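Following this line, the structures themselves.
Consider the two complexes below, in which chain A is the common component and chain B and chain C are the respective partners.
Right after this comes the complex of A and B.
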């Protein structure tokens, strides 16, 4: 009896270890797929409260994104000249803005299908090509991911050959040129409070 | 003696003429004889439709190089583009190369938006971040018929 118990414990330990190494060696495509599956599962749970659902959705999605890397790429040369405090503030503001802007779109998801086409790895970076199939169109979306520890994290999303980072790089670059880095931060927090007010109004009635 | 002078003059004239001719053909043919003033980087695109070899590579609208070779990648069926960039221009690791159109119906060129990474792309290295050519007609027809 004692022996079987010990054996069982050892066995579970081995299985657990094996499963963690399996997760660690997963490629970028598999990891992206795991996140998408997790998000789908949350979306399909119909009996969740709105607030709880939103929190669980953003937790699942945010874990797959690397906002520091994304911010650095968006600010490009301005990132170098910004000080530590400004960088931190930008990363916080930007991730909040993204969340507020896009979580509604994800919640509005109905029955689109996501096909994972292929992955391309080069050094510590990878591109995962996917296609979203709606009723009438197919939209190609490529996720650019970077290897951080055991995880692959998304730093850019390329939709229909238009890079998210490049888009923001040019528009934020213009703002920094005109109004300075603090001007950009001020405009971002302004936008954020605006979005918060809208959300507040929308949920109140 | 006099006749020898004439012959030498004709010879010199011929040699100079020949040198001029070869200089002209090198210039017109855009042949880089001596090299050393630029380096190449590679970039992969899923489509380069409309881009030609010799098209310019620009940063902020300033020409910094040209497209030296376009070929089809064997396994991936992606377009492999070789860019020749002036030596004085450093490209950061997170620079993004996009294929753009000059004006509405103008020629295609490669536009590079510089990044902020500390790491630079070595000569012969690969520019990983790319935006492919956008097929405007395809996009329009795709979204015109989308039901809202």
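Right after this comes the complex of A and C.
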């Protein structure tokens, strides 16, 4: 009895230790790499049904991106003045749009090599620098991540010094100024419908 | 003509001063990796710019893109070589602007690249210099102006050439005069060369603009802000 108790205690200790080291070794770079690899793998599975493929891509990306944080940063002052319902709607629309956009980007480069160059960690934030090496150019892509629980989550993607968040902050900000917050939401959902229709027609290569 | 240029330069200086009044009203929280506040760019000519953007978009869809797609029947390595060749021809402008910014190491590296790639690289078709650690250092007159403190002025969409700014547009004209090629070639030869260069580059590109057209709710604004950010980063380099 005493022995079993002791054994159990030891066992739990070992398991706990093992699991913490496993988590600790998964730094932002490893986590970003795991997600990019997963997305690539799904994209390369050719016999996947469209709907299944889309859902699996969506799940892989959702696990690594922090769309709420991203939305807050993009809307900046407009986030403060928006009500709960508007915020929720924005996050939902934006994550859907960005997902498609990101998948489109990654899809174009499935045959190319992606180098994970380095990670820079400072407190609970990190930058993971990657380079896509094609035959004629090198495209630097940096993922900005924030530590949440055991996970590092992406809140900005910086392609050739152009930050997605900053870009959307100016262009969405301008649309809100001209057409109001609901105007922006309307245009986003219009765009989504349009994209869905294009996909439904299945004319894409 | 001379007076016009003077006026332009004056306008340009003026806008450089205005350009410093950046808006940085919002900071979410302490973030060591935050990109600096969006490089905002004034756009007083937006209606005209949108007109040219529309025009360029149609040109792209109905002319440039189909031609580039046609070029893709040529094997990629050949097109990469063509792109190296055109890039090698662009060396004088890069050398001049590195020099103007007193970046002597980069100037030397560009000159060494020219030497290596024009000889061992078979007249620039290959780029052995890069694998020897001599990387290309892109600089143009717009960046040189920026290096000395000039802001972008305001946004311009040039017909045919695409996104630019007052500063970078003037820079383009200046670079044209710095470049020895236009002096050596006839105008139509120069035009042909540039067109081939651009079409070839487009054939190698992974349909970046197509993605923007498809995914963005306002492609005009997206391109404008990306251009502003990209150029601001280039100037800072």
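As a convention for this text, the second predicted complex is superposed on the first by the 164 of 205 C-alpha atoms of A that agree within 3 Å, B and C clash if a C-alpha of one lies under 4 Å from a C-alpha of the other, contacts with A are read in each partner's own complex, and residues count from 1 in each chain.
Throughout what follows, a residue touches a chain if its C-beta (ideal position, glycine included) is under 8 Å from a C-beta of that chain, and two chains touch if they have at least 3 such contacts.
Since we're looking at a predicted model, the values are computed, not measured.
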Overlay on chain A: chain C relative to chain B, clash or fit: clash
Touched partner set for A:156, first chain B, second chain C, both or neither: both
Which partner reaches more residues of chain A (counting touched residues only), chain B or chain C: C
Partner chain in contact with A:125 - chain B first, chain C second, else both or neither: both
First (chain B), second (chain C), both or neither touched by A:195: second
Contacts of A:72 with chain B and chain C, given as first, second, both or neither: both
First, second, both or neither for A:44, with chain B first and chain C second: neither
Chain B versus chain C as contact partner of A:136, first or second or both or neither: both
Segment of chain B that clashes with chain C, given the candidates 2-10, 20-28, 38-46 or 92-100: 92-100
Contacts on chain A seen with chain B and repeated with chain C across the two complexes: 72-73, 76-77, 120, 122-123, 125, 127, 134-137, 144, 156, 158, 160-163, 165-166, 169-170
For the chain B and chain A complex, residues of the former touching the latter: 44, 46-47, 76, 92, 94, 96, 98, 113-117, 126, 128-129, 131-134, 139, 142-143, 145-147
Chain C residues touching chain A - in the complex, by the definition given at the top: 25-26, 28, 31-33, 35, 37-40, 76-77, 79-80, 83, 204, 206-207, 211, 214-218, 221-222, 224-226, 228-230, 233-234
Footprint of chain B on chain A - complex, ascending: 72-73, 75-80, 120, 122-123, 125, 127, 134-137, 144, 156, 158, 160-163, 165-166, 169-170
Contact footprint of chain C on chain A as seen in their complex: 72-73, 76-77, 97, 100-101, 104-105, 108-109, 120, 122-123, 125-127, 134-137, 144, 156, 158, 160-163, 165-167, 169-171, 174-175, 187-188, 190-191, 195, 198
